[in-house]
Amino acid sequence: MLEFSAVSSSTLETFANPRPERDYEIVISCPEFTSVCPNTGLPDFGEIRIAYTPDARCVELKSLKYYLNDFRNRGIFYEHVTNQILDDLVAALQPRRMTVVGDFSVRGGIKTVVTAEYSKAG
Amino acid sequence: MLEFSAVSSSTLETFANPRPERDYEIVISCPEFTSVCPNTGLPDFGEIRIAYTPDARCVELKSLKYYLNDFRNRGIFYEHVTNQILDDLVAALQPRRMTVVGDFSVRGGIKTVVTAEYSKAG
Amino acid sequence: MLEFSAVSSSTLETFANPRPERDYEIVISCPEFTSVCPNTGLPDFGEIRIAYTPDARCVELKSLKYYLNDFRNRGIFYEHVTNQILDDLVAALQPRRMTVVGDFSVRGGIKTVVTAEYSKAG
Amino acid sequence: MLEFSAVSSSTLETFANPRPERDYEIVISCPEFTSVCPNTGLPDFGEIRIAYTPDARCVELKSLKYYLNDFRNRGIFYEHVTNQILDDLVAALQPRRMTVVGDFSVRGGIKTVVTAEYSKAG
Amino acid sequence: MLEFSAVSSSTLETFANPRPERDYEIVISCPEFTSVCPNTGLPDFGEIRIAYTPDARCVELKSLKYYLNDFRNRGIFYEHVTNQILDDLVAALQPRRMTVVGDFSVRGGIKTVVTAEYSKAG
Amino acid sequence: MLEFSAVSSSTLETFANPRPERDYEIVISCPEFTSVCPNTGLPDFGEIRIAYTPDARCVELKSLKYYLNDFRNRGIFYEHVTNQILDDLVAALQPRRMTVVGDFSVRGGIKTVVTAEYSKAG
Amino acid sequence: MLEFSAVSSSTLETFANPRPERDYEIVISCPEFTSVCPNTGLPDFGEIRIAYTPDARCVELKSLKYYLNDFRNRGIFYEHVTNQILDDLVAALQPRRMTVVGDFSVRGGIKTVVTAEYSKAG
Amino acid sequence: MLEFSAVSSSTLETFANPRPERDYEIVISCPEFTSVCPNTGLPDFGEIRIAYTPDARCVELKSLKYYLNDFRNRGIFYEHVTNQILDDLVAALQPRRMTVVGDFSVRGGIKTVVTAEYSKAG
Amino acid sequence: MLEFSAVSSSTLETFANPRPERDYEIVISCPEFTSVCPNTGLPDFGEIRIAYTPDARCVELKSLKYYLNDFRNRGIFYEHVTNQILDDLVAALQPRRMTVVGDFSVRGGIKTVVTAEYSKAG
Amino acid sequence: MLEFSAVSSSTLETFANPRPERDYEIVISCPEFTSVCPNTGLPDFGEIRIAYTPDARCVELKSLKYYLNDFRNRGIFYEHVTNQILDDLVAALQPRRMTVVGDFSVRGGIKTVVTAEYSKAG
C-alpha cells in the first residue's frame, strides 16, 4: 500500500502583478488532478479550477503544476483538498478575491463538486 | 406486483466539517436514482442533485448512496421524493443552506424536475 | 381540410400539494406539442415548458398530457397558445408563481419562443 | 376519441430527374412526423428520413409534406408506418434504390427506429 | 458588381397583441440573414435575434421575413444593420422593450456580435 | 439484503410481422435498465439496445418493457445479462438476425459494453 | 421580384497540382451558400461540400468563392444546384474523383441533402 | 531563437459610431491569436474576446486583425497580453465600457483565462 | 524524484466465459489512467480502452482496475504502455481477438493515441 | 512584411520502435499549427493529424513539435504543407503506412481539409 506524505514539498512561486492598479481576473483550470482516498487507498481523479483577482502577486504556473502534483500520492478527502488549496494559494498570493473549485470524478455512481471562496477583508 | 416498504432503513452518516469557520458549497450528483410509481407499479428513473453549505457536519457519501438505494422499491411520487430527501438531509446535517433537485426521466412524453430549498433561520 | 374545435374538452386534474408550507418549484417539459396554423391549416410543432410554485394544488401529469393533446387539431397562433395555457393552468392550480414557455419549430426560416408569467398578488 | 381515416388522401407529386444519366442520392429528413397509436388513441411523434437514388422522377417536396401530414390522425404502428411510406414512394417514383427510416420518440422508456430498404431489380 | 438599393421596400405588418394587459416576451430567431459588405461587395451572413415585450401590436412573421430578405443585396455594415432593424421594429410596433442581436459569421478570422436595446420611456 | 429471483416471470409477447417478405431492421433502445451486482448486492444501471430483422414475429414493446423490468432485483453479471436477453429474444422471435448491446454505467472508474449477435443458419 | 441571370459569370481558376504523382484528397466546405427558389422567389440557404482527388489541376479557393457567390440571385432547385456545381468543377479541373454535397436548410419542416459523384473513366 | 519586437507597428483604425446616442454592445471574437512565451521561445495560442460599448468611435475590424497579428512573434505573458490589448483599445476608442478576455490553450496540463475590464469615469 | 518499480505487482484475475460457444465482444473503458513520463518524471494522463472477444476466460474488472493502478508511479512511454497492456491481457485471457487503445492527454500541444491489436492464430 | 525561410531548420528525431514485430498504429494530433499564406502574408491556422504504423523507428514528439513550429513564419499553401509533412516524416521514419491530414481554418467563408497517404511498397 502507498505511504502518504503529510505535507506538500513544492513551493508555490509568484511574480509581480503587471497591472496591480486594475482589478482583473485570472482563471486557471487543471483537469489532471489526482490524489488518493484515505479510506480505500484507491486513486481519486478530478479537475481543480482557480479564479482570483491578484493584488501584488500572481502565481507562476509551473510551480502551481508541481504544487498540485504533490497531491498525487497523498491520502486526502474532497472537502479537505479544496479548502487546503485555497488556504495555500491565499497564503502565497494574498489575492483580493479567490475561488477554488474541486470537481471530482464519479465514485459509486455519485459525483462531487466542492467550491470554496476567499475575499480580502475591508 | 412489488411490495413497497413504507420507510427507509438506511442511516445517513455524517462526519465533522473540516472548515466550519468558512461558508463553502458541496454539490453532489446521483444520476442513478430509481423508485417506483405508486399508481402503476412501474419503475421511475432520475437524477438527484444536492447542493449545500455545511455547518458542523458533512454527509458521508457511501451512506448517502445506501440511503438513496432504499428508494429503489418504494412507491413514491416525484414531488414527495424531492421534499423527503431534503427533509432527511436537513435533519441529519443541519446545514446552513441546502437545495435538492429531482430530475426525472420522460413519462408519457413529459419530463419533470422538482427543486426544493432550505435555509437555516437567522 | 381539418375542422377546428373551438374549445378544449379535457379537464386539468389536480392533487393536494404534499408540502404546501414550503415554497418549491416544479418544472414540466412537453416536447411533443402540436397545433395547427389558423392561416394555412398546416401543423405547428413545439415544446411547452411549465415552471410553477404550487400553493394548495399540483397538476396531475396524465390530465396535463390529455389537456395538451387537445390542441392537436385546433387552429391557434403561437402567442395565443402560450397565454391560453398559462390562463388555464392558473385557473386550475392557483399557483404562487408560474411561467409558461412556448418554444416553436422553425417556419419560413424563423423560430419563435413566447414566454408568459403569472404571480399571485400579494 | 379520434376517427382514423383508412387511406391517405394526398397525392405524391413528382418532377423529372434533371440528371437521369447520373446515379446520385437525395436525402430528405422530416423531423415533424406524428401519427396516432391504434391501441391507445394517443399521438406518436418521430422523424422520417428518406434516402433514394432517383431514376426518371424526383419527389416534389411540398406534396411529400402533405402526404406525411395525412398520417397525423391515422392509427398505425411504427413498423407499418415505415414500410407503408417506402411502398408509397417506390410506387410513385420507381427509384433505383430507396431507404426509409422511421425514428420514433420514447414511449414507456423505450425508443424504436425502423429501417426498410428497396432496390430495383437488375 | 451588385447595385445596392438604398431603402427597404417591404412593409412590416403587425397584428393586435392578444394579451395587452400582460407583460410577456416574444423571441424570434432568423438564422438565414445575409447582406453585402459595402467595402468589398462580398456577401455577409449571420443570425438576427429579436426579443420584445409587445404593447398594442405584435409583428407578423411573414412580413418580418420579407423585411429581412430586403437586406439581401444591400451594402451595410454590421453595426448599422443591427441598429437599423431595431429602429424599424420599434417604429412599427412601439413595444414596451426590445433587444436586437446581430450575430455575424467569421470574416478574416474574426467574429462579431452586435446587441442593441430599446425601452419605452416612462 | 435483496433476494434474487432465479427466473424471469414475464412473458415476451409477439405480433405478426406486417412485411415478412421484406428484410428490414428494427432497433429498440431501453436506457432505463437496472439489475443488481451479485457480488455486492448494489444496483447496476445501463442501456439495452436491440437490433433485429424480424422473420414471422415482431416483439410487442410493452411486454419487452415488463420483461426487462424483471431484471430489476435479480443478481446477474454484465456478460450474462446481455447474452441472456439475446437468448430469450431469439427463442421468442426466431429473427433472421439480432444484436443485443448491454451498455453499462461506470463502476470503479471503469465502463463496460457487451455486444452479442445471432444469425439464423442458412 | 428578383431577376435571375441564366448563367454564371465568374470563372473557376485553377493552379498546378503540387503532387500530381500522388493520389490525395482535398475537402472544401462552403457553409455560406445561398440561391433562390424558382417557384417562390424566396432565398434558399445551405452548405456546399466538395471532396476531390486532383489530377493536373487544383481549384483556386478565391475563384471558387466568387463562382459560388454567383448563385446568390439565381433561381435553381436543390437537385440542379448540386449536379451543376459538380459538372462545372469537373469541366474545370478534370479530377480523378469528385463528390459534391448540397446540404440545404429546412423548408416547410423538411431538410434535403443531395450528393453527386464523378469518377474519371478508365 | 526568435527576436521579439518591443512594440506593435500596426495602427488601430476607427470609424464614427453610427448610433452614438444609443448604448449598445459590440462583441468581437478572435480565435486565431498566437504569441510567444518569453521564457521558452515556444508559441502560445488562444482566443481574444473583446466586448465594448462604443462612444464616438468603433474599431475597424481589418486594422484590429493586423494589430493582433503583430503579437505573433512577440514574447509576452498571458496576463500582460490581455491588459495590453485592453489599454491599446481603450486609448484608440475611448469606449464607454470594455472587457477583454484572453483565453489561452493548455500548457503543461493547465489552461488560463485572463479577463480585464474598463469603464469610463462618470 | 519518483522511483519507478520495474514490474507490476497486481495479478489480473479471470472468470469463466459464460458463453464460450458464442463469439461476442466486451468493451472496457478506463478513463482514469495515469503513469509517469520517464524523461521528465511528470505525470501522464489518459484513457485505456480494451475490446476483446473472450475464449475460455473473461477479465475480472476489479483486478483490472488494480492492474491499471499499478502504472500510477511507473515511468513508461505511450507506445510501451499500450503494447504492454495488450501483452499482459493476452497472456492472462488468451482471447480470440483483442484491441487496446491508449488515448493520452495533450503534452506540448500534441495529443497521441496508440492502438495495438491481437488475433489468435488459426 | 515577413521573410520566408525556404527550408526547415529543425531535425525530426526518432527512437527505436519498442514492438517492431507487431503492426500497430500511432495517431498524433497537433491542433496548434500555423503558417503564412504566400499570397497575402497573413497567417493561416489549422490542425495537423498524423497516423502511422511504425516499422523500425517512431517519431520523438518534442522534435515533431519543433519541426511543426518551423512552419510558423513560412509562406506555403495548404496542399503543399500537407504533402511536405508527409514527405518529411516518411523520409525520417520509413513507416509501414502513414496518413497526414491538414485541417485548416475558415478563410473567406471556405474551410479546407487535405489528406495524403503513404504505403510502403510491398
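Going by the order they are written in, the chains are A, B, C, D, E, F, G, H, I and J; count residues from 1 in each one.
We take it that a residue touches a chain if its C-beta (ideal position, glycine included) is under 8 Å from a C-beta of that chain, and two chains touch if they have at least 3 such contacts.
This one's a predicted model, so the numbers in the text were calculated from it and none came from an experiment.
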Chain labels contacting subunit C and also subunit D: B, G
Interface copy of C-D among E-G, H-I or A-H, judged by whether over half of the contact pairs recur: E-G
Selected pair, greater C-beta contact count between F-I and H-I: F-I
Centre distance in Å when subunit D and subunit I are each reduced to the mean of their C-alpha atoms: 47
Whole-Å gap between the CA centroids of subunit E and subunit I: 57
Whole-Å gap between the CA centroids of subunit D and subunit H: 53
Where subunit B touches two or more other chains at once, by residue number: 32, 42, 45, 105, 107, 109
List of subunit A residues in touch with subunit H within their complex: 17-19, 22-32, 54, 58, 61-62, 64-65
Residue numbers on subunit F that touch subunit I, as the complex places them: 77, 79-80, 82-83, 107-117
Contacting residues of subunit G [partner subunit E, same complex]: 32, 34, 42-43, 45, 69, 72-73, 105
Subunit C - residues contacting subunit G, complex: 42, 45, 105-109
